[in-house]
Amino acid sequence: MSFQNPVFIPGPTNMPEVLRKAVDMPTLDHRSSLFGEILHPALKGVKKILKSETAEVFIFPSSGTGGWETAISNTLSAGDKVLAARNGMFSQRWIDMCQRHNLDVEIVETPWGEGLPADRYEEILTADKAHEIKVVLATHNETATGVRSDIAAVRRALDAAGHPAMLFVDGVSSIASMDFRMEEWGVDVAITGSQKGFMLPAGLAIVGFSPRAMAALETATLPRTFFDVRDMRKGYANNGYPYTPSVGLLNGLKLSTEMLLGEGLEAVFARHNRIANGVRAAVNAWGLDLCAASPDLYSDTVSAIRTPEGFDSTRIVTHAADEYGVAFGVGLGEVAGKVFRIGHLGSLTDVMMLSGLATAEMCMADLGLGIELGSGVAAAQEVFRSSKGNAAKAAA
Amino acid sequence: MSFQNPVFIPGPTNMPEVLRKAVDMPTLDHRSSLFGEILHPALKGVKKILKSETAEVFIFPSSGTGGWETAISNTLSAGDKVLAARNGMFSQRWIDMCQRHNLDVEIVETPWGEGLPADRYEEILTADKAHEIKVVLATHNETATGVRSDIAAVRRALDAAGHPAMLFVDGVSSIASMDFRMEEWGVDVAITGSQKGFMLPAGLAIVGFSPRAMAALETATLPRTFFDVRDMRKGYANNGYPYTPSVGLLNGLKLSTEMLLGEGLEAVFARHNRIANGVRAAVNAWGLDLCAASPDLYSDTVSAIRTPEGFDSTRIVTHAADEYGVAFGVGLGEVAGKVFRIGHLGSLTDVMMLSGLATAEMCMADLGLGIELGSGVAAAQEVFRSSKGNAAKAAA
Amino acid sequence: MSFQNPVFIPGPTNMPEVLRKAVDMPTLDHRSSLFGEILHPALKGVKKILKSETAEVFIFPSSGTGGWETAISNTLSAGDKVLAARNGMFSQRWIDMCQRHNLDVEIVETPWGEGLPADRYEEILTADKAHEIKVVLATHNETATGVRSDIAAVRRALDAAGHPAMLFVDGVSSIASMDFRMEEWGVDVAITGSQKGFMLPAGLAIVGFSPRAMAALETATLPRTFFDVRDMRKGYANNGYPYTPSVGLLNGLKLSTEMLLGEGLEAVFARHNRIANGVRAAVNAWGLDLCAASPDLYSDTVSAIRTPEGFDSTRIVTHAADEYGVAFGVGLGEVAGKVFRIGHLGSLTDVMMLSGLATAEMCMADLGLGIELGSGVAAAQEVFRSSKGNAAKAAA
Amino acid sequence: MSFQNPVFIPGPTNMPEVLRKAVDMPTLDHRSSLFGEILHPALKGVKKILKSETAEVFIFPSSGTGGWETAISNTLSAGDKVLAARNGMFSQRWIDMCQRHNLDVEIVETPWGEGLPADRYEEILTADKAHEIKVVLATHNETATGVRSDIAAVRRALDAAGHPAMLFVDGVSSIASMDFRMEEWGVDVAITGSQKGFMLPAGLAIVGFSPRAMAALETATLPRTFFDVRDMRKGYANNGYPYTPSVGLLNGLKLSTEMLLGEGLEAVFARHNRIANGVRAAVNAWGLDLCAASPDLYSDTVSAIRTPEGFDSTRIVTHAADEYGVAFGVGLGEVAGKVFRIGHLGSLTDVMMLSGLATAEMCMADLGLGIELGSGVAAAQEVFRSSKGNAAKAAA
């Protein structure tokens, strides 16, 4: 695989030069005052991107999975009840983690390709008169299926049921790429990582805790030390960290938030939407379907594309890597072999995206899928032309 | 603080150019076969450095603290008994973690500056006829006090007591810099991080599990998901990871192990010993004492230097940073204000070390400590001259 | 313009990561023995790429233009006669330089788009009974018109005329990308730069002198100091340089030659030919013509594409930069406004090339050129598919 | 030699991280408008550092030697008379270049270690009633001997003689490190390079031409093309270059001038003076002499240190490289074997300098020179302590 080609996986994303250089720092004493000059702007930048005035942000040398564990272990106790829908690989993994941590998960089985069932949530919450459910889990963007769910609708379900459960949202593949409103949607814990919308290497779990989530720290008895946000909070107050921080990644995060806020979040979201529209136009031109069941569910960061019955979709991904040096995503879990995924988030231009679509076409043609070469590219070109002018300015 | 000067903190260390460049990779698809070509050599290299034929190595996007949590959460259950000595800040923190995870820690209070009390361990273990103690914790090198303990002696204590407890060793600031023999010393879990002897940025917890520790996975009931080595093991078998790995850091680790093994571990240890001897000669010339109580305890990676009664040692560290742009380590915990620390591990030459000693001299003189300028430098120069010839070749 | 997109100019080319990192060196004492360990392998590598056993290679901190000046000022004297054809911007500039250096240039005017007129050369040389012509200049690849001339034919012309003139070849945009045979073609001075086939930043003039050219040093009286190869030769013999060398670029050149020779020159040439064929297929699908008059003249490193009469071709280049953040080359000199150029040399994959073609299509469509979107891409995809398998392995 | 140690050669200097990163750019189309955004600020920044309102600045992909050639070939004609003093290796080389370019050099032999003989210049100029001397050459800082001459005195000599000759100054190792006043001193051509005070890799010749020098372009008949400033001037007016520029180095130069001007030139000069004073204090403590004959001649960028009669000074340099991985400068020309040189310019801290002095001490002791270890370091420490506070802030 050639490092010259962009990647088209749903994270880690392509990285801007300036962010790579910000991460690649010489050693800085993390107990010196210089560290605070990196940490605090990074925390503040994240908070703005989460769109919260009241959340506290914590950053761990970890991954999005560590962010999930931070959320539950700081706020819950063994036996606590959690409500979650399983509609893809990542929601499934979070459920699995809860079970390993001895939580009692009420699972709403949901077809992969569908969004979170806010109506069903409302029924269950309404029925939970004893308020045993402590937390509702919500995967904002199911990276496995390319489905973006409606978090505002989940909040409305909670409100309609008059239920006090907290709302925890996995925004790993949505935050900083698609609209996310922590405060407005009443999100209590928001979770993301460095390697998606922030366009950095993997290595940071990024979480925001609402005041209610912070209050839950006091009663939660699940054991935690590495992921204990109380230690983090204490450290931050002294410009420090409870252990050795990833200074370079934090420096990158500081700059990443500056870049994203400088471009403007709405512009960032529009850019992702434009590129996603190009990909979807190509899929349509190829005569294929997305895994996502309906347009309102289409993700702007990843498209999971169904391949014809009887064809092993993994072959496209393997073929692209072996023959063209290009990385796409395989199908995972229930949709393994049935979909391949094109990631279209982070540091990506229209022009780069076209090379990904052109590669997918060659692969499908090579493997006998009867795709007309150039057809998807042409459809995407039409989308990109009509929104031209934005392309060149972005992602500098 | 100027990035031109080396740092003299006990980690993160100064980094070789080639390692920084190995870490600073373009995005690579961690689900592609290329990832295995980075992961497996890194794991094998670490295993050689741990000097174990039978251990399984696991690497987490985390820190040394995460390594501690990996050790205990994968092998123990709530209420399990653990034996540990408290002789410095880092042993204290590990004890604290155990307590937060509901383990029952039998603490042997030990003066800060002393090594692990193997004799006292033997007595306690001998008395524990019921074999309630499941694990003995041992901090190989107390980074706070500059004390290297004798792990072989701890092993002998276990053997003499005929006790089956496992031996977990924190080698964060010793492994890859000082002699460490996982197999020979019967270490069951060895823990380190990327930012010390491996000369990389912080961000990786590196652990080795003996077959006995692996067997303990089956019975341990402490909740863990992010740090679950079973998931890691399964991932590695498929050239993968249970979540998004820090590919760049792993690539750096691969190269770091190649560099260290290429230089030869004995040469690496000798290099650290030579530089440490230079520092100790300087301390002696200054008329000061080390925190470490006796020469057999002297650490080759960090020296904690006692300042005169009534003088706040933190002032040296602050002054060095503010006036000369140089980072030393402050005293921590019980020895806060009483010692300052000079880190001398990782990517460091004799020549760089002399600049650190010269800076310490200027600081002490500036602050009225009555140090003769050049005296410590001259003492270290004598040490370095007598071992010259090794200096130029190392640390390329 | 976004740095995320590849460039499609005929040099400087896109650069491989590893070469950028090789260039970005810390300061090395160029008077130390380490410098020779960089210099000599670089010189030897270049010699192999020039395909000469007997040439001496010299490298100046300069550009290809400096290479031209090195060639003439070291071998000629004021008033000396030189034969040259003018068939493009770069041959014109070399002629201009000769005139400024008081040489007497016999110019063969040749249509831009045609190759070097070997037949006409033969006539002129045959007629030059007094052997007043000292040197024949030959631009191997006219970067302005995308025309590769037949240097072997120029050699045959010299031989057929029994003329002793030396043959100087500008191989700036051919060497290391297209077949070049210094020894076999009897080339006396070969000239190139770092920023084309060697895939490095600009900054090095690279020249090879045959034994005959070296002999001419003794009689040449054109003044030169910076470009004097005698000083270089003396310096190299002592692992040194007559002035401060560009150590990082030389280190990059060393690695570049290792990469090229490791891939195999024939494979490198085939790779350039494959990508060029894809571009030409696209041009054909668009219904446009190349500036190069016939297929035997088609360059494998740059295509100059004629736009319809009355259309200012520069608009495509400006539009691509402004709207899509992509760099193409404008027409120069006689063909300014009549052609735009796509560079396809250096570190480039089929996949990257497709994004360039897709961008060109969007630009032409945007500017009303009536191009069918996707048509050129599809034609290139067909070319690349049929040679698939080579693509992924190259350009790592 | 380890890349971890600083270099102590009189250029190329140690480089700040941020400048290395500015140089290490992805490929940018040098014919796009982006290039002008790099070029023009770099030119303007250089002009401010030269302290001229009226000069035109030109930058060539070359070296300081190329700068010398630019100066003479653009302003003079064969047979023109030039006045120059030979007081070191670099003045000698410039004289040699003039002779190779068929200029008639009147050489004032001057002891190596002495400054430019302004009095003698005045006599010669006064005697030159016919004003045959077109140019006076002046090496501001003789890098070979560590002698800084008084350019203002040379100007006064010209004025006193009422002579119209132009004044060309080699400021390669002075400009941007020591006071230089192009306008005030009536300098007609000022020459420097990227690898000294600008703290960049070698690869750029940087020249400033006064209006008088620009006027001389019209009459000068020495052949030049690569170094022709008329082509440069034309290129710059169109945001371009006459050939392929070193874009990365220019980008580094832009940032370097911002850094230097941001720090303040007087602060930059004071910093160089402070470090030089430390070195000189060490030399004095060692009981050695500088090559420079008197304190008013001491260079703030390089010290040439005389070793005892009968001792080959080159051994110190070789020994430092072989045994300690540190680079010093050898003696050149007349003082080869008699002096070794310590460079102290560019990106250097007091702390780094102390490591160089400590290394020199070890080398001299190893080689039997009877130096007291620590003595020079202590003397320099006293100097640095008394000016502490500036050290930490500089060179970030």
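When the chains are written out, they are named A, B, C and D in that same order, and each has its own residue count from 1.
Everything that follows uses one rule, which is that a residue touches a chain if its C-beta (ideal position, glycine included) is under 8 Å from a C-beta of that chain, and two chains touch if they have at least 3 such contacts.
Molecules present, by chain and UniProt name: A, B, C, D = L-aspartate--glyoxylate aminotransferase BhcA.
Worth saying up front: this structure is predicted, and the values here are computed from it rather than measured.
Because chain A and chain C carry the same sequence, their contact can be compared by residue number, and over half of the numbers here are used by both. Using mean Cα coordinates as chain centres, the one most removed from chain C is B. The two copies, chain A and chain D, are related by a rotation of 180°, based on C-alpha atoms and rounded to the nearest 5.
In this assembly, the C-alpha centroid of chain A lies 54 Å from the C-alpha centroid of chain D.
Our note on geometry: chain B versus chain D, Cα centroid distance of 46 Å, whole angstroms. Centre to centre, using the average C-alpha position, chain C and chain D are separated by 34 Å.
Shared interface positions of chain D, i.e. residues touching 2 or more other chains, are given as 1, 3, 14, 17, 26, 321. Because contacts link each chain to all the remaining chains, their graph is best described as complete. The touching residues of chain A, counted against chain B in their complex, run 1, 3, 7, 9, 11-15, 20, 23-34, 61-66, 68-69, 73, 78, 96-97, 100-102, 193, 195, 201-203, 222-228, 242-249, 321, 327, 329-330. The part of chain C that touches chain A in the complex is made up of residues 1-6, 14, 16-17, 321-326, 347-352, 354-355, 358-359, 361-362, 365-366, 372-375, 377-378, 381-382, 384-385, 388-389, 391-396. For chain B in complex with chain C, the touching residues are 17, 21, 25-26.
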